[in-house]
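Two complexes, one shared chain (chain A), two partners (chain B, chain C).
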Partner chain A sequence: METKVLTAKDYLNKEAIRAFFVGFGLPRLIISGFLLILFILAFIMKMDLTILLSDSLVRIGMNGLLVLAMLPTLVTGVGLNFGLPIGFICGLVGGVISMELNLVGFRGLFSAILFSLPLAVITGYLYAALLERVRGQEMMVGTYLGFSVVAGMCIFWLMAPFKNPVMIFAIGGKGLRYTLTLFQHFGKVLNNLLAFSLMGVVIPTGLLLFFAFFCLLAHLFFRTRTGLAMIATGANPLYASSSGINIRAMRYTSIILSNVLAAIGAIVYAQSYGFLQLYTAPLYAAFPAVAAALIGGATLKKATVSQIIVGTILFQTLLTIALPVTQTALRGADISEIARMIISNGMILYALTRAERR
Partner chain B sequence: MPESYVLELKGITKNYFGTTVLKGISLSVKAGEIHALVGENGAGKSTLMNLIFGMPVIHETGGFEGDIFIDGQKVNITSPRQAMELGIGMVHQEFMLLPGFTVTENIKLNRELSKANLVSKTFGSSFETLDYPAMQNDTSLAMKKLGLSIDETSLVAGLPVGYMQFVEIAREIDKKNVRLLVFDEPTAVLTESEAEYLITAMRLLAAQGIAILFITHRLDEVMACSDMITILRDGEMVTSISRSNASLERIAELMVGRKLERAQLPPRAVEPHDQDLILELNNLQVQMPGEQVRNLNLKVRRGEILGIGGLAGQGKIGIANGVMGLYPASGEVYKDQNQIKLNDSKDALQSGMAFVSEDRRGVGLLVDESIALNIVLTSIEAQQKFLQPAVLPGVRLIDKKSVRSYTLKMIKDLDIRCTGPNQPVRRLSGGNQQKVCLARAFTLKPEVLWISEPTRGIDVGAKQLVLDLLVQMNREYGMTIIMTSSELTELRRICDRIALVYKGRVAGILRPDASDLEFGLVMAGKKTAKEVG
Partner chain C sequence: MADVNIAQPKPELTKEKQLDQFLGQMSVPLFFAFLCLLGIIAANLNPRFLINEILTRLGRNSFLVLSLIIPILAGLGLNFGIVIGAMAGQTALIIITHLQIGGLPGLLLAFLISIPFSVLFGWLTGLILNRAKGREMVTSFIMGFFANGLYQLVFLVLIGTLIPLKNPVLVLSSGIGLRNSIDLIAINKALDHAVFGPVKLGPYNIPLFTLLVIALLCVVISFLMKTRLGQRMRAVGQDMNIAEVSGINVNKTRIIAIIISTVLAAWGQLIFLQNIGTFNTYNSHEQVGMFSIAALLIGGATIRRATIWNALVGVLLFHTLFVVSPLAGQRLLGIPQVGEYFRSFLAYGIIAVALALHAWQGKKK
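== the complex of A and B ==
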């Protein structure tokens, strides 16, 4: 008996090491390798690595929550939340209201979040009700719903009765501007919180902590009864319902959660960027987040917080590093935008076609 | 005259991964003969049929031994296509029809008659025009052979189920060279009158010289139409007799008959009796496709092991699924005189019942999750066990430590062979997966355990272990167990009483030591046995 337990344990260790490599996955190994090569290239070409690293860190914190918004729906098997623009717009509305009230600094940031929450919950519920009717096609319907909402909201931005002169068109006096600058309100408040410089690399401590805090919340959430019920719903709906879990409620909850995270993510994104971009700007908000989640190893059936974190880091670093490097390498030609499209959409394509096969 | 046989099988033996499912089967069918193949579930009927039809599954699993002769010629059938070319037609249990196509189009699919036109002269025969009049003519001819007239141009989608079956058959007999038709439980989905009609059609076909191999477990149909009857049991051919020599009772007995090995079970202090009921099902109806339960009444005694048996499709599987809320159900279920909400798994679980599903991978397990999570998740959700308070008031997280120690204990108690609590259940063998399912149910500490097909797809050693475990739980903890199984042997081995389900109702409740004859008759709906002690 004693020996049997011992061998089982040994096997477990080997298995654990193997599982780590299998779990990390080939795509991530390739991308990490590619990143390493890019860093070496950047070094050879005498580019300023500290700036590249600082930028990467900012982009990780800035996009992290939007990627985390993918997690709840992936876990319950609803799929990737391609309707991310819906939550994103709730965040924008919250931000605009906060600006209208002339709230500044952290008060501005948190009131923006506070204003966006009820909106995100309500729209999330409606969004969930729609997705419930189109089971099996959530991702496609989500994509087009997102597009439609962005278009519909263009009218809202024009018609909404906002009065703050810094927000509305200078000529005509009506309708919100395309881009609202946040510097007098809550621009970069998180980025600058406790920020410090380490060997030339600026660490946006507040921003990263904010992301980390939500990751921790998500991690804890999936250890609660509701969180576990969501995991079961995604892994096997029949097992879930035979365990007395209300599958429909779990799907609804996950979509609402995702919508709320997207709203908060949009505000964090805007404060880090320094601008609120309205009108058609949120149109493609979902794609980089989807790509990041998939690169992290999330599949349509299973996703974890760590995959979200890994994916965000890999994807955002790749974008930040790859563009200047290619730009410098191919002197003169402006291919940065094209390269960005190829990388992010290529990643989505790759990951989606692989995900089904498992 | 052996040369007059359309189909002859000699010494057919087939192994699936070391388990022999067919042992030395020999069988011959003459032209114009209706040959019935009867046997319980798992007797090897379907395997034999797959083999005749050259289904790929046979060759993928290592082929078979023995010879098949068609018209006295030895043949090696390697694909369904080849079987069709040899004149073997097959009528499936599930319809393989395109609902949006007309009857003619379905019958002629991929064998369309066509006429040349301008385009096809240039681009080849794939562009030829369909010759609808000729095809409709063929169709009505085939229908006439079946003694049936339906509009060839109507859509299959709108036809009654019985007619769809006939379209299937018409498609087979429309193939010009068809000499042997295999019917795989054709009446399973039909109403009684439709079934009667089908039998008539089969007789008509046989009269036209087509040999028919008729697979079924409905004995009255066998008696009604067949010329020869071959009985399979556990992959072995029991006998082949002509109908004139057979009687319903004899077939039933031959089908079921096997030596009973009822081990000496440990005695109880108080035997379960009718004065102390734990569960009462009144007028239970369950809408489970293929396993409908209709107006079923059943009383379960506290502390007994009740077996539920019956042939496939009669509704025995539906009972547990209905009571536990997995399929839409109506009627009344009382546990200890308290009515249980139907269509509500949570209420069923919280009233002290647990369910081990027959569909292990579909319902019973989260295959990609760990053993530990599989075992505890249901009790976390339904009973809020394995949770510990977290930092915030009102928030409780899974208690990984106690989950781990509990899982380790279950792994040891049930002898689950694995690398540890974190191993995904996908990598476990069938028997060990079943033990995980059992552990999941035991964790709920149920008073009543519903368990369906507990030994399906697991090896002999594990079977014995699972059955022993059930007896142990019953005797030590007084757990009432309701076990549904297609294997009469295992029901008779451990159950106190066995309820046999026929057409969605309890046809009779027998003692495990009742005669084979009695079991056979009640299962085939030929006799109702009322209560026994």
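== the complex of A and C ==
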């Protein structure tokens, strides 16, 4: 190795530049460039950057946990958890129960999380048991399992015996409404916690701290025995199992963890948004999270906490500022939804077609 | 115990297996036929309405479902990318609407115009799928969404900005982007009523010419699978490595299979839309893949095996359920939405089960 570097001294610079590009990742570079252009456009058009930045911060904290939910399954090599709606719905159920009991403020938020946890663990276990049997097709099975759970739960929302009048349809007296307002319960409690304004930019301290706390937990977790065993499972399953790691247990744990994070993520998302969106709303919940993780530089077999954070920041900032900027530039045509579709699915395609060649 | 198993005569085992396989193949359609029957009884529909509705839907959807068969035989699994074919078809429709050519000539022109688009899209899809072997389905699924983004970019943003199109019938009043829905009165039922005019058999409207076209497609597909190309596709579908060793250009064969499927999907979407008579520029194609695949699977197809009969029976059963379930939900529970959600639950669920079974069996081998 050393001699090679010495003899190829002339190429060292080129190699270093290339290594930087490969390490940073071409897609990440393109997205960052795109983001920069949008910011410059916003500046030229004299748009209020403080509002754009405030919104971006909220969106980052709002979606962060859902992206973090991708981490465990990527680390153990199960792949992208397209079954995110399963965990997401556990969170919604927790939120709905908390509302039914009329719990408000932080009590409402934490009881929602508490109610959703056992559900997320149980469904996570069942989901893991299925994925274990369909190894190699986890992503497709996960996607359609998620879809069917969302559709099946639509019937549940209609039939479930909830009684709180603020939640059920005004006419007919049965079935939960499509969107439940959280403002009297636990809407924005995290966002408003210790929130302050810095040069016009509102910092949702509580929300960001909550996300940071979970990132820290994840970071520490992957230094424990179990965490390291998970990384080994993803890196080389054969080697891991020959060194005494129960790879099956690791995969199960990672899926359950992902499911639990998705459930908590759904509740954080809802409190930040101010509404619980039921019925078909969670159908595509997995896609933005998947895309953010990939934009951060995660691959189907390897991911780190920092990649999750970078991905969330890049993707969510991009989505937040793309709408107002392009709307001003293109006389009303809304490109943000289109950009979201192209970028997120383009990223997933890139990851799917790249991993094979390694 | 183990000895007994080994000592068992071979032919008997295979016979048992055959019966098993037959029951396995029939169980899904039988189950759904039973469900349909229950739904029909619960909904208490006017049989005349039901039959009319099913005849219409058979003509409307069969072509699209049939477009899925060839990639399955070539080992590419369920081609979720037929959405891309549908977009090619719609592009052709937008062009003939702009040129104001209606009737059967307009529709035939649309069929023609859709070919270069769908061949190009199919070729690109095939190239990408060849880079994602073993993950074709999830890749084609995501590609559908990606293509949808590009489609919207072209028709919602680039029209009026980069593409100079100034047709007030098509373009939004702001001058950028196409309208959300486009009226297809000019070609409404142009194929259904072609040559024979509106055919009525007693109280039933029959899209006779469309049904004939579908029958022709069935013949063409079964003929194609008997040609050398078809044999090559089957070989690739059986085992890519063996096919490669025996001198078949695997990648090329796979691309051809996807191109054929994409072209057929484009035509299928044209047939679908000429029957409906109006088209949502940005939504009409979205559900095409999911509904067609669910129908094919309900007909008893799997990810590695599909026949023309699977497709036709599947369309019949799936669309019977489609018509019946909201009414059944309404009558049984007083809430029509229950039936609607149950319907989409079934569509998603059957795909999930088929995918899981496929992976499960693949692992057992």
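Side notes on the structure shown:
As a convention for this text, the second predicted complex is superposed on the first by the 327 of 358 C-alpha atoms of A that agree within 3 Å, B and C clash if a C-alpha of one lies under 4 Å from a C-alpha of the other, contacts with A are read in each partner's own complex, and residues count from 1 in each chain.
Note that a residue touches a chain if its C-beta (ideal position, glycine included) is under 8 Å from a C-beta of that chain, and two chains touch if they have at least 3 such contacts.
The structure displayed is predicted, hence computed values, not measured ones.
Considered on the superposed chain A, chain B and chain C are sterically compatible, since they fit side by side.
Look at A:144: by the touch rule set out above, it reaches chain C but stays clear of chain B.
Look at A:37: by the touch rule set out above, it reaches neither chain B nor chain C.
Taking chain A as the reference, the larger set of touched residues comes from C, when chain B and chain C are compared. When the two complexes are overlaid on their common chain A, residue A:338 makes contact with chain C while staying clear of chain B.
Legend: residue contacts after superposition of the two complexes on their common chain; A:175 is shown touching chain C, with no touch to chain B.
Superposition on the shared chain A places chain B and chain C such that, viewed from the Cα centre of chain A, they span 70 degrees in steps of 10.
Here the smallest spacing between CA atoms of chain B and those of chain C, following superposition, is 5 Å. Once the two complexes are overlaid on chain A, none of the chain A residues touched by chain B in the first is touched by chain C in the second. Residue ranges of chain A in contact with chain B, taken from their complex: 8-9, 11-12, 15, 220, 223-225, 228-229, 231-232, 235-236, 238-239, 241-246, 301-302.
Contact residues of chain A toward chain C in the complex are 82, 130, 133-137, 139-141, 143-145, 147-148, 150-152, 154-155, 158-159, 174-175, 287, 330-333, 335, 337-342, 345-346, 348-349, 352-353, 356-357. Contacts from chain C toward chain A in the complex involve residues 128, 131-135, 137-139, 141-143, 145-146, 148-150, 152-153, 156-157, 161, 174, 176-177, 333, 335, 337-338, 341-342, 344-345, 347-349, 351-352, 355-356, 358-360, 362-363.
The part of chain B that touches chain A in the complex is made up of residues 324-326, 344-350, 355, 357, 359, 362-369, 373, 377-378, 380-382, 384, 387, 390, 395-398, 419-420, 422-423.
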